[in-house]
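Okay, so chain A shows up in both of these, paired with chain B first and chain C after.
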Partner chain A sequence: MRRLWALALAALLTGPGLERSAAAGEVRELDRVRAAFVYHLAKLIHWPAEARSTKAFRACLYRRDFLGGALTELQGRPVAGRPLTVEVIAAPEDAAGCRLVLVAGADLATWRGAGGAGARHRLVVADLTEAPAGESDGAAAVALVRRGDRLGLVINRRALARAGLTASSELLKLAHLVEEGP
Partner chain B sequence: MPPPSRWSLCCALAWALAASPTHGADYSHLPLAELVDLEVFSAASLLPTAPGRAPATVYVFRRDDLARLHPRTLGELAELVPGIQTNQYRKRHTALWSRGLINRYNDKMVLLLDGVRLADFYYGALPSGDELPLDQMERVEVVLGPASSLHGANALAGVVSLTTRDVHGAELRALAGNFASRRAALALGEGGVQLYASALSRDLPYHRDRQSFAGDRVVVPAAEDYATLHLKARPRPSLRLAARYGQWRHPFAFIPATQDAFVEGERLDLSARWQLGDALDRGLELALDQGFDRAREWEEERRSGALAYREVRRAHRTHFAATGRIRLGNHLLTAGLTADREVLDRVDALRLFRYDLGFLQEPQFGDLLRGIDREALDGALFVQDLWQPNPDWTLVYGARRDHLDRYGDPFNHRLAAVWTGRAGHSLKFLYGTALRAPSLRERFKNLESDFAAPPLNPERLTSWEVAWNHRRGPWELQGSAYRQRVEDLIAEVPTPDGADEYFANREGNARIRGVELLLAHRGAGPVGVRAALGLLDADGADPSPGPYLAPWTGSLHLDWRWNAAVEIDLVVRFTGRRRDRNGFADDDPGGRLLFDASASGPLGGGFSWRLAVRNLADARSRDPAADFGAQYNPEGPARELWLEVFWTGRP
Partner chain C sequence: MTYFRPRSIRTTLIALLVLASTFSVGLATAGFLVVDWLSLRRVLAEQLEVQAGIAAANLVAALAFGDREAAAATLDSFAHETDILAAALFAEGSAEPFVSYRRDPTAPDLSRTTAPPEGALLARRPVLLEGERLGEVVVLSDLSPWRDRQEALIQTALLLAAATVGLAFLLAARLQGLVTRPIEALSATVREILAKGDYRLRAPKVSEDELGRLVDAFNAMLDQIEWRDRQLSAAREELEAKVQERTAELVELTRMLEHQAFHDELTGLANRATFDDHLRLAIHQAERRGESLAVLFLDLDRFKLINDTLGHRTGDRLLRALAERLSGALRESDTLARLGGDEFAVLLGPGAGAQTATEVARKLLALVSQPFPLDGHQLQVTASIGICLFPEDGRDAETLLRHADTAMYQAKERGKNRFTFFAAEMNRRAQERLRLESRLRQALAEGRFRVHYQPRLAAHDLTLVGVEALVRWPAEEEAFAPETFVPLAEECGLISQLDDWVLETACRELLEACGGPPPFRLAVNFSMAQFIRGDLDRQVAEVLARTGFPADRLEIEITESLFGPGDREAERLLRALRRLGVAISVDDFGTAYSSLSRLKQLPVQTLKIDRSFVRDLGRDPEDEALVRAILAMAESLGLKSVAEGIECEAQLAFIRRHGCTAVQGFLFSPPLPIAELAARWLATAGRAP
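Moving on to the complex of A and B:
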């Protein structure tokens, strides 16, 4: 038992040191995982030829970089032969060149209210991983959700079809499929 | 007991971590199939880690795997894990023998259901049957090898971790089959609340003319019932609450014709998980569980129907755990403590009749256990450092000191080095120790004999392992080779006067070596395949567990999407020849070859169907009665056929 207490003491002494050395602004691991999901989505959705004519694949974060820079770390990675670029947009009308728009769950109503849903050839992804129950009410074609202790994807096939996009068989196999909305 | 220098090293390691440079992992290289496998919200995983890169040998079954393989119980699923052999026990359940560690009561592994540990307090047994319906599960992970550095006592041969599903809307299942099987299950989910309920009623799925453990014909009534009710709520994203209630009633499957024997039990588990801070970089998870365990066994003399034996067992248990994580550069440090309080409320028995003696002159009443405190308070401290010096290497060191009221302060640790190549390869070097404290029955059984059993030591295991994983496209290959030494293996031994059985440590150390292989193909095409093979060799210890073990076991699964309306699945399970020591000539356990098949498909309107048959050829097989060698080998299940209709919809 004496060693057990010694260990507890060591942990207590070490804790504050660890706290101090964790640098502010460091990208969180969870955000890196979320960003990896978004990157795979970009690769596994099929865009029509006219949407593939741009030099870069533009991914946009609505209102704020709620992934803490994790998606920006992936800039330059190839998406269908084009480099990924990442930027933050303030309003839906700024999303004209965005092939993918990532919307935080807390901003989803604002996005919807501002007329952000329904654009052709644009994939709207809702990040619902912080929500108690992950459902997007059809505002996004794809939702990133919590599935137990893991992250998962929900694809709204109707919203995807409205956007004129198709998902690869690999993506359809791993995602939960729903059909919601008009 | 470790030398003090080990602890100094541990503390020094913790200090050294504070100066390490920052390094972040890049998860975009992982295939999407591995990303969805990352456990990112649980303290148990410590770092987002796909099974192929985990510092242990892990076999994962996702929901779609469970649907295709259609196992209904954990015992059936375990037969598809290379390295696990299953054994039909004479009462009812299937015992899981992980990596050659034979046992009667499933007491050598730890089972977690959504992080809550489930085990019978008296036998130490994890449930492997219909008490745990697999259609409720999102995922089943089977970790083979020692895990006591994380999970403490009894994680000797591995961990089975089950994660229940969340549904959005409603799901309903109805099943009917032979052996008068009737089953219904309901799942509802809306907002942050999930409800699951199931009920099963049927006859025991064995041939009616089977032999009892005494060699005569079994004539016991066959009806059995199981029910489960599980409620989960997430009132806040950081808070998870759950209540699970289960009850069961079944006869003993291989009881002599002189009596009928039954067991009924119920279990209630309440749990709360509160997660503070970030899930991966800096956080704290608090867990509080309260469990209530009750069981009653009884026997009736067959001709008169008079009570022959009655046993009542009741206990409750409180578990608290705090696990903290902090990322420090390329280290992820985890530390935690646990506290467990167990109270035995009632553990007594009344015997009026014995199958070999008839009705007794004087009824025998007394405690099932003797020399035991009714209350135990255990605790543990553990630390783990997961260090990624570069993207290709992960080094893990974990250590745990337990304080067990009844067994002292054991120490266990593990060391893992995992190399991950860019071409989908990973190579693991694993070392670890583990311990199993004897169950209450093993250590404190009140013998029906004047014989005084010698003191019993915990079982200890040391393991070395090399494992390889490769994933390329739809192909997955997994292989491991291990060597383990087991000290103080516990075996059941008849008392010198033959009146009862007691438990004793075997002489010498058992040495077990094995190889496990898994090949799986999960493509977008119409055909999928999964093949598993386990090879095993055991010697040492007296008596050795070797004769009871099959030198090889395996399974082959083929799924064929015939068209959009029908999918066909075929499963072959095979076991090499086994011997036993019971001395009876007419109950050869031999080897076995069993076939399962199913067809399934959608019906429209949210309905789907599955027609399944298990043990298609109705083969009769026996498993060795791996106890003290004087019982007949029990027979495995007969052919089971069932039709299941499944409906899913939004309320």
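Moving on to the complex of A and C:
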């Protein structure tokens, strides 16, 4: 059942090309769904004007490409009117210039420990789909969580406000909203 | 029902107003409904598009994150919209709906390619995320509520339109009076005028609009008609008066024309037509009663002479006086008529025979012979009367009148101033006269006349001093004496032509016989008719010029008739002839009326003593005394004298003794043809024979 859902969602989000390569494996498909969630999430955030003035919209993966290159496949597609670029950063210090930093649930503590915190006009998204608790603990403004056989979003409005960003009403209607952290 | 009376302005006005209202309301209603139908449908379509658009906007995140629940919840919000039948959300590239909504089980399932069914609206809106198309929302709306609303609207509009038309009808029925009342008032005035013929009536003016102006114009027209009616009445009265006057004139004219038709204009006596009628009636009655009738034909003797010498006016006065005098002498039962000229006819009867006719004729002759005092003259005239009796001399009017005429001519031939009864013999003579006249014309046309010349000699030595040209008619079977054909030529109007011919022939023959101008005079007789022509002098001058005969060798012989007083024209012609050099002599002197003073005034050089006086010289002392007196008078007036008809020596001796200058007669020579004249006389011209 999960497989079918994932296949359908992938087809919905990425088109026929993605659908053909979907046959490569289940994990890979889930990565793609997650990548699509991140991609649509980025599009439903109201970015400030400076984000639209840069050459590209940089999405950074902390420490490793835990989506198996699924996000990289979306490079070049528009976000806030700019082409999406994807790169991997090793430390929070490397996050300068990244509009969106995607941190795997397992790396969240490291990110937090290394001083990774929300910067202004930077959206930190925690992928908690693999984590049992699924808590971002205020380190990320948005968390990608698993709800049963579905993916869901948790938005930390305080963290989001700290980053100087707002989410679209549509996003807010779908997401689970929390106000945690300092 | 009176509203629908045919062909009335009221009906027409109502019909027009109702029609106009119906048309306007109908057009407005139809326009409103059509506009409403179209605009509302467009609004519905736009509204559906908006609803689909809102749904699409609300479905972006649900579709982006594959949240069917959220998407279904969004579509389920269409349940509040009763018009929405169904809705569906399709992910991009997917034919199956991501989520769908149906109002009830009867609502159709929607697919990507669903076409809008009949009576429904379909809207498609894309689901876009930052310009990227995620899918599509399809919404199907039911139009039946809208249609129900439209039908209700139409019903309401139709009801309102019907009510408006009804109201318009009531208003029209009420308001048409504004137009028809003044017209009816005008019409009533016209009818009253027609009924009474009173053009003083005027139509009342009730408004200042076009009808008011129509009333003004109508009343102005009535002013004109009233004025013209008065004019017409005046003209009619004038015309009637003129008609009466003209009728009276016509009656009078008719009476005059009738009178003229049956009466002679100059004398007022019956005319020829009336006389003929009376005569026919009298014959008819006389035949029935076995009675006799008498017709008298009266003609003045020498009336032409009076006319020519004293003028036509005097002649006309004479005729009127004569008519009056004759009328007074006849009985009421007699008919006196003027037939024309100086011819009168008298019908005596009934029972008038030869005796009565004789008495009446004598009485009339006596009356005529009494002098007529006219223009200062005592005119002495005579008449000749022919008498014809019914039934002996003729049994019809035409014959009787013709025979009376013949008898009258006979009376003239017998010496005038007498009456003659018709005799059958007279008819033969009258016919003979006609035959002779015909031959006379023919002879003149064919040049059968000849000129003979009688020598005129000096009394003292009997030398040739002149010749008298005398016309002769040498016919093959019979000879006609000049005494016969010359008067006939005068009566027939041929005498001028005959005189001209004699003049020109004599001039030519003498010139030829003498080898030039003769050493003596040529005397040519000119009848009185020549002097009626105004151009006698020119005629004579032309003959002289044509022939080359010298004017001083020509002598024109005229008769005493020309001596009448007042004939200025004859005197003018004589003086004109004298100016040509032509000599004038008076022929047959002593036989007719003469005035010595007149003789003295006229340019006359010679007197010719009539042969009737010469004939009895030596036997009749009265004639001798007369001849002596004539010769003495001629001498005292300085005129030459010629004695005609000298037939014996005694006559010659008497003449010579009393100073006559020339003689002419058979004692010396009869009239001779030119050849004999030349042979016997021309050689001795100017010497004694």
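FYI, the second predicted complex is superposed on the first by the 155 of 182 C-alpha atoms of A that agree within 3 Å, B and C clash if a C-alpha of one lies under 4 Å from a C-alpha of the other, contacts with A are read in each partner's own complex, and residues count from 1 in each chain.
The working rule: contacts are C-beta pairs under 8 Å (C-beta built on N, C-alpha and C of every residue); 3 or more make two chains touch, one makes a residue touch a chain.
Just so it is clear, the model here is predicted, and its values are computed rather than measured.
*Asks:* Using the superposition on chain A described above, determine whether A:L44 touches chain B (first), chain C (second), both, or neither.
*Replies:* Both partners, chain B and chain C.
*Asks:* Considering only the touch criterion stated at the top, classify A:E130 as touching first (chain B), second (chain C), both, or neither.
*Replies:* first
*Asks:* Looking at the overlay, what does A:A90 touch: chain B (first), chain C (second), both, or neither?
*Replies:* Neither: A:A90 stays clear of chain B and chain C.
*Asks:* First (chain B), second (chain C), both or neither: which does A:P78 touch?
*Replies:* Touch status of A:P78: second partner only.
*Asks:* Classify the contacts of A:L174 with the two partner chains as first (chain B alone), second (chain C alone), both, or neither.
*Replies:* both
*Asks:* Should A:A109 be classified as contacting the first partner (chain B), the second (chain C), both, or neither?
*Replies:* After superposition on chain A, A:A109 lies in contact with neither partner.
*Asks:* Tell me which touches more residues of chain A here: chain C or chain B.
*Replies:* Residues of chain A touched, chain B against chain C: more for B.
*Asks:* May I ask you to decide whether A:A161 touches chain B, chain C, both, or neither, giving the answer as first, second, both or neither?
*Replies:* neither
*Asks:* Considering only the touch criterion stated at the top, classify A:L153 as touching first (chain B), second (chain C), both, or neither.
*Replies:* In the superposed model, A:L153 contacts both chain B and chain C.
*Asks:* Quick check on the superposed pair: does A:E29 touch chain B, chain C, both, or neither? Answer first, second, both or neither.
*Replies:* first
*Asks:* Once the complexes are superposed, what residues of chain A are shared between the chain B interface and the chain C interface?
*Replies:* 8, 11, 15, 37, 40, 44, 151, 153, 170-171, 173-174
*Asks:* Spell out the part of chain C that touches chain A in their complex, as residue ranges.
*Replies:* 57-58, 60-67, 70, 91-94, 98, 129-132, 134-135
*Asks:* Touching chain C in the complex: which residues of chain A?
*Replies:* 5, 8-9, 11-13, 15-16, 37, 40, 43-44, 78-81, 151, 153, 168, 170-171, 173-174
*Asks:* Please name which positions on chain B make contact with chain A in the complex.
*Replies:* Touch residues, chain B against chain A: 4, 7, 10-11, 14-15, 17-19, 22, 24-28, 30, 32-33, 35-42, 44-45, 47-48, 114, 138-139, 163-166, 168, 189-192, 234-237, 278-282, 324, 326-329, 333, 335, 337, 381, 383, 401, 403, 409, 524.
*Asks:* Okay, in this complex, where on chain A does chain B touch?
*Replies:* Residues 1, 3-4, 6-8, 10-11, 14-15, 17-19, 21-23, 26-30, 32-33, 35-37, 39-40, 44, 73-74, 77, 130-133, 135, 146-153, 169-171, 173-174, 178.
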